[in-house]
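Chain naming follows the written order as A, B, C, D and E, and within any one chain the residues start at number 1.
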Amino acid sequence: MPINYYIFLSIALFVIGIVGVLTRRNAIIIFMCIELMLNAVNLLLVAFSKMHHVAAAATNPLAGSDGQIMVFFIMVVAAAEVSVGLAIIVMMYRNIHSVDVNFLNRLKH
Amino acid sequence: MSITHLLFWFLSVLALFSALMVTTSKNPVYSVLWLIVTFFAISGHYILLNAQFLAIVNIIVYAGAIMVLFLFVIMLMNLNRDTEPQKNKWLKLAGAVAGGCLLLVLVAALKNTEIKTQVAQVNEGSIGLIQSLGKVLFSDYVVPFEISSILFLSAMVGAVVIGKK
Amino acid sequence: MNALLLSAFWGVIMMFSSFLAKRNAAVRYLAVTGILLLLLVNILEMRGVVLFHINSHGMIFFDRFALLFDSIAFVSTLIYLLLSGRDMENVGSNYAEYFTLIFFILCGVALVASFKSLLMLFLGIEIISIPLYILTGSDKKNLKSNEASLKYLLMGAFSTGLMLMGIALIYGAAGTFFTGGIGAGEAKPSALIVAGMLLLMFSMSFKASAAPFHFWTPDVYDGAPTVFTSFMATIVKAAVFIAFIRLFDEAFGKLQPEWQLLVAIIAAATLLIGNITAVFQQSVKRMLAYSSISQAGFMLLAVYAMNSDAKEGLLLYTAAYSLATIGLFAVLAKMKDYSFGGFNGFATHHPLLAATSTIFLLSLAGIPLTAGFLSKFYMLKAAVLTGQNLWLVIFAVLMAAVSVFYYFRVIQAMYFRQGERQELAVTPAFKWTMLVLAGLVILLGVFPGLLLNWIYF
Amino acid sequence: MQNALHIAWLVPFFPLLGFLINGLGRKFLSKSLVGILGSGAVLASFVVSVWIFLQVKNGNSYVANYFDFISIGSLQIPFAFQLDQLSSIFLLIITGVGFLIHVYSVSYMHEESSEHFGRYFSYLNLFVFSMLLLVMGANYVIMFIGWEGVGLCSYLLIGYWFKNTEYNKAATKAFVMNRIGDLGFLLAVFWLLAKLGTVSYGEVFAGAGNLSSTDITAITLLLFVGATGKSAQIPLYTWLPDAMAGPTPVSALIHAATMVTAGIYMIARSNVLYSMSHVTQNVVAIIGVATAFFAATIALKQNDIKKVLAYSTVSQLGYMFLALGSGAYVAAVFHVMTHAFFKALLFLGSGSVIHAMGGEQDIRKMGGLSGKLKITYITFLIGCIAIAGLPPFSGFFSKDAILLSAFEKNPVLYGIGLFTAMLTAFYMFRLLFITFTGQFRGTDEQQHHLHESPAAMTLPLIVLAILSVIGGLVGIPEVLMKGGDRLTAFLKPVIPVTGEQTVSHSTELLLMGLSTVLVIISIIYAWVKFRNYQPKEATGLGKVLENKWYVDELYDAVIVNPLNKLGAFFNQVFEGSVIDWLVNGVGRVVQYSSRQLRLLQSGQVGSYVLLMVVSMLLFFVLQFFLRK
Amino acid sequence: MIPVLLIVVPLVAGLLSFFIRNEKSVRSWALFTSIVTLAVAVTGLVADSKSGSLAFHAQWLGSLGSSFSVKLDGLGQLLCFLTALTFPVIFLATWNNTYQQANRFFALMLLAQAGLMGVFLAMDALLFYFFWELALIPVYFLCSQWGGEKRIQVTFKFFIYTFVGSLLMLIGIIYLFVQTPDHSFDINAFYNLHLSNQQQMWVFWLFFIAFAIKMPVFPLHTWQPDTYEQSPTAVTMVLSAVMVKMGVYGVLRWLLPVLPIASFSWGDVVMTLSVAGMIYASLLAIQQDDLKRLVAYSSIAHIGLMCAAIFAETKTGMQGVMIQLFNHGINIIGLWIVIDIIERRYGTRKLSELGGLAQKAPALAILLVIIALANIALPLTNGFIGEFLMFSGIFSSGITKYNIVFAVVGLISIILAAVYTLNMIRKVFYGNTSALTANATDIRWNEKLVLSVIVVLILMIGVYPAPVFKITNDIVDTIISKSDVLHLMTRH
């Protein structure tokens, strides 16, 4: 598969994620959109890793595996982040009974 | 037009479409479901790229764990109706336009890089296999692996600090 | 390496202390001991004594620069704990956990100060950020605290996404995560590299609260419990800057013509927004938040100049800025009323605190014989040495003049206006620490060599 | 062997000593002691001056160098005294007349409290000191020191009665107007320094040859500006009449005999330069004659006894400048001398009158005083004749010499001069008749208080009267007596005689006769008109004259008020609303922009992220599409 | 060693006085130490420059290319002596004033003195900048704590104003530093710089703005009258007697010799500003009713003359500036002392409310008259020497085509000076007593002593200025030779 396809695909997913962050008010949805962005990155990394693998397979059979390791770590971090994030969102909800980010306006100027 | 190509295109379209649905669907629960679909599509891509380990992890961790967590939270708050009041039109439009422009710019910037001729090897190559990845992870990448445990510890402590009544 | 592991280890110890130690004081002493140990082992390592030999396959490397910064960070943390440790009790019930998280953050600090691989940078940044989300929200009943932490979380995660996309693109072009192996060779850098570099620049600017990615800073600093604001505004920010300059030195050093102008623009914007907006603030806490942005603008001059002076200067700057800001926040954390009016007549009722705070403010304003002046001086010197964009330098000093405007408002309130006495829970130890801190600020202002010579031998 | 004249420093030293003692000890010293000290000091310096004069007469002229006043690299300004014919004559005039006036003051000021009495004499001594500096200085800077010093003293003495605000205003006016003149003087000095690098008379006159004509003209004109200030010439003369606010002896000493003649001395001293620039000479002559005439016209209608004398002084000074302008420096010096005698006499006389009238100065309230004040009357009469210039009184010779030189230069000047002479005679005798003849017009209380002044006052009158009679004999013109003009002969070393006089003896005699006849006619007319005078309201031209051609008002309208307006504008508008407004404006801009930028911080996560994305977009565009 | 003492003695004394609680003792302590400083300064005057006692050099901030090098040359001797003289005079003259928290007051005063000394002694650009700021900080606190009711805003404006200036100067210093071959802040390194003309052209302004604000030169002067009016008189004396000299000094030491070509090319502009400022300030002074403002404006006029004379770049003018630096210092202190006396005795500074003091306080009247005459440069007072030389310098200046114009216009301001000074004397001392001055008393012994000292100095320098010239002769030659552009140009 030409690498550009993957590049464009994941950029598209990434941007869709951004747009989601921009357009939604629900904290949880925004958070999910961020997860979407991360997945776009993952996809791209995997594609690149395979690309580099092709390039350097002759010399080094494990070439390109670092990309996939990276993806692994990203997932790890994402998981941790989600757990904390959801905890915070729940705490928020306990206090103001809403997850609408537009209600987050005590702090400004 | 081999089967791989068909699959590639199908998965790509599916991923993009479901991603769009995530951002557009009114009901949060639907968004979650669409996101799961997206993840499946991406896992499909992984399989195409013969990165089986990641494909599995993706299904298990994301679709399995994280999204379920999301679902629980949403239901806990019972937001399963489209309760979300609409953001004001202009901001939405501005967001969409900005995102679109960003897409254009990035694509324009990256459309012909020096690697555009290269290809990503599909459905062969062994690095994606659990065995080889495991080797690398526990030899070269053991330090980051251990360090990531700190991340989890702090996440755990955090959950306690935040969650404890 | 010593510090990295010990900090993680001590974090775990603190975690257990939460149900082993009965009294808060015990926990606090444990934490202070931990910091002292950290400092000790770190200095040992600077003297060449490495306790744990672990092969990180070149992903992290503790050079003098990193170690020196670690020491600065640990000393600052030590002073921070001595000054504000007691006040954490007022935040919430999970006293020990706060220390745990602080130690984990220190681990992340040690990581970002010494990374050689983008993976490590990413991990370090995350290890710093995630505990911070929690500390920001640790005052659970306080809506401001909640709001701050949620804002911080959402935007922080977003910037993480940017950073990862950057890393991915760079990986695509370079085929490696090692900073050494990026952008090597070809005269005209690949578009992937440039795009990735920009994305990394954005996310780092975000973490360093540089305009136009600074928006989270005032709200989060304002909403977070003051004790933790103090920590994240000083040590964490400093660490981020060290990471910033390392990244752009080792990974993109050869690409300087590509990014220098952008950094200059970001620096100018940061200075402008930070200083100008601070002028109109009514709350000292929020003013300090904006002042931290404006100081970041000055530190960006180091990234912009990227020469030996810049690196030395940045170290001095982080030290000067952290010490002064910690001192101010320590006083602020004890006060009920954060508005400027709250400081009226402070000098007559708490002469010592007023005097020391004045020294800190003068240092932040960059008045000679304080560390603040010399650090600013280094920045300007480094920027002038580049020989171009002198407008940036002149703009910077004009903004420094503006900064006098809001720093001196506090001094005026303390000395020249009358106000009724307010009782502060101030122990003699606190006063002494403040004195030492002020002395340190002056000392660094007169003999910066005491600090900087460590880089070379 | 040092020159005997080296001890000339004694001359200014005595008055200085007197000044210090009287000034510091004024609280403790008794009046009589102060008087003795004050007059004694001047007497002492008079004695020394006489000795110096004799020395000089024996052809010993000398420049006494004392110390370096200013010495910077090439610029050398020594503190040195010039002792030659010219300065010695002035020394005699100053110390001699000065001494008489000191004596006179002792009794004239006896009503003052001892502290103020001491202050008065210390000022007077200080004045003599500065005047001596002015005259003895061997370079323009030392002269300038004296020049400003006498200005200061006149300021102090005019404002001597400091409780009276009007007097203080007059004093300030005098000082400021002098300052304007001094400005010219200073510029001339700077010019000399710039061109020649020296200000010592000897070197300057020696080096004058290699100055360009423009330089010469500029320098001389600027010096003349200084002279107009000090010697009350058009346009800077208005301070002198106001200066009459000071005690009468002061008017006699400073504003008649000595200070106001400083200008003449200075020009006579620099005659070498002046002779080199005809432009300047013409200017000087024209200004001089104009002033003479102008002041005389004003004097016609003044009713304050001292004002009349003041204007006549201005007019006489005008004469002297006419002489200088026509190159007759000796004549000018000659007139300075005679004028010193008779004008001092007149002032002191008027002082005695005022004394008798208990401070009254308005001649309309006097009349018929001849009976009571015999000596004063006679001496005053002598003074009038002298100033009117009837032979053989001193005024005749000096004025005649001036008119002659004027005639040589230009008949028109002569004509005006002659007419002015008539006016002079007329208004002086008007003054005389109104004051001393007719019947008394004052209050009864004044009338029975009338009395002749004590000896201490009359004595100086008599001495001066004698001097005014015989004073002219040192300069009898050739035509009347071979070698009679001893003054010219004496001054030859300082003021070289240029060429032979062009006018034939016959014409000269004719002119003398003409002037004498005209003067007698105008005196008779005055006698007819004012023998028994009754005050009446002046009208038409008379009113204009009475109001001094409204010159003061003119100056106010043209110079003073505009400056005040400008200052007020600066103070109230420009300073606050322009300059400082700009300064504060910067601050305001900062605060305003702060208020606006604040709004970016909306508190909405959505807008934050949007802003971040947009700026990212811009950065990408800049990086990828705008650069390179 | 002497220069170090000059800085250290007041510094230490100041720090110590923070801890002397009792007002009486802290006052006498301040007086004592300031007299000690004066003694040191005097030894500095007499010590011969050959012996190393007038220079001191120590390693400091070596990594920055800076060092702690101080030297006492003619210019330094003059100004340090002035500074050292000023403070005891001030303390003595204001002996009867009482301040709350007196220990802080005197401590800050002494610290300010240390800073000023440093400014005049520093031979290293960075050190110079250090002291430049250090002198400012104590004064800021003094003014804002012990000043009049508008003090806080006014002083703040003053501070920011000068701070902006000095920051610009900092840029200039760094820029020059970067240009030096061996990256050093040493003054000689700066003197030996070879900058291109256009570099000089704009670096000049970085420095000049800083100095012009301090002096101050029209139109950057608006902070001054307000500050003088608001700050306590003791501080006003420091400000006007010594602090404004920092600007002049800066131009003499750090601008003219370092950037000769720019100083030459901008000379006309600067001189025009200065001369315009003289007229402007004098006109304003005539309008003032508040004594402090009046003196403030007259001071602006005098400083303007100095600035013009400096840029005339003639030896005579430069000497005039030197001697006038000292004269202006003592004269204006005399004026302030008198004003302070008047204000404290009679509770007003308004000319319109005063009058007739000559009857009540003859001693005060005479002393003031003499000082005032020195202020309007009457011969045989020190003022005459300075202004005479400066004007003749301007007049004979070769570097500008308009020298005559400048001289003439400047001289006009001398006339105006006579006007406002005499008006002041008239309104304060002459005429009849006003309600406030009806039962006035004459001055105390300490005030009389101080004023007499000043008067004696005035007359001594006025009659025999040679000693002062001897002090500054060499430095003037150096400055002239370093800034002699015409010579440079003719050579190339």
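As a working rule, a contact is a pair of C-beta atoms (placed from the backbone, for glycine too) under 8 Å apart; a residue touches a chain by one contact, two chains touch by 3 or more.
Keep in mind it's a predicted model, so treat the numbers as computed, not measured.
Colleague: Going by the contact rule set out at the top, which chains touch both chain A and chain E?
Modeller: Common neighbours, chain A/chain E: C, D.
Colleague: For chain A and chain B, what is the smallest step count along a path of chains that touch one another?
Modeller: The fewest steps needed to get from chain A to chain B is 1.
Colleague: Select, from B-D and B-C, the pair of chains that is joined by more C-beta pairs in contact.
Modeller: Of the two interfaces, B-D and B-C, more C-beta pairs touch across B-C.
Colleague: By mean C-alpha coordinates, which chain is most distant from chain D?
Modeller: So the farthest one, by centre of C-alpha atoms, is B.
Colleague: Roughly how far is chain A from chain D, centre to centre by C-alpha average, rounded to an integer in Å?
Modeller: Centres of chain A and chain D (C-alpha means) sit 98 Å apart.
Colleague: Centre to centre, by mean C-alpha position, how many angstrom separate chain B and chain E?
Modeller: Once rounded, the distance between the two centres reads 72 Å.
Colleague: Using mean CA coordinates as chain centres, what's the chain D-chain E distance in Å?
Modeller: Taking the mean C-alpha position of each chain, the two centres sit 37 Å apart.
Colleague: Counting in whole Å, what is the centre-to-centre distance of chain C and chain E, each centre being its mean C-alpha position?
Modeller: The computed centroid separation for chain C versus chain E comes out at 43 Å.
Colleague: Where does chain C touch two or more other chains at once, residue-wise?
Modeller: 119, 123, 126, 130, 133-134, 137, 140, 151, 154, 158, 169, 172, 191, 194-195, 218-219, 405
Colleague: Would you give the residues of chain B that are in contact with at least 2 other chains, written as numbers and ranges?
Modeller: 87, 91, 94-95, 98-99, 102, 106, 109-110, 115, 140-141, 144, 148, 151, 154-155, 158, 162
Colleague: Using the touch rule from the top of the page, what residues of chain D touch 2 or more other chains?
Modeller: 598, 601, 603, 605-606, 609-610, 613, 616, 620, 624
Colleague: Which chains are in touch, pair by pair?
Modeller: The set of touching chain pairs is A-B, A-C, A-D, B-C, B-D, C-D, C-E, D-E.
Colleague: Which residues of chain E touch chain C in their complex?
Modeller: Residues 61-64, 126, 129-130, 133-134, 137, 141, 144-145, 151-152, 156, 159-160, 163-164, 167-168, 170-171, 174-175, 177-178 of chain E touch chain C in their complex.
Colleague: For chain A, which residues count as touching chain D in their complex?
Modeller: By the definition above, chain A touches chain D via 18, 21-22, 25, 30, 101-102, 104-109.
Colleague: Any idea which chain D residues touch chain C in the complex?
Modeller: Counting only chain D, the residues touching chain C are 590-591, 593-595, 597-598, 600-601, 603, 605, 608-609, 611-612, 615-616, 619-620, 622-624, 627.
Colleague: Can you tell me which positions in chain A touch chain B when the two form their complex?
Modeller: These residues of chain A touch chain B: 1-9, 11-13, 15-20, 22-26, 28-29, 31-33, 35-36, 39, 42-43, 46-51, 53-55, 57, 61-66, 68-69, 71-73, 75-84, 86-91, 93, 99-100, 102.
Colleague: Touching residues of chain B toward chain D in the complex: what are they?
Modeller: Residue list for chain B touching chain D: 87, 91, 94-95, 98-99, 101-102, 105-106, 108-109.
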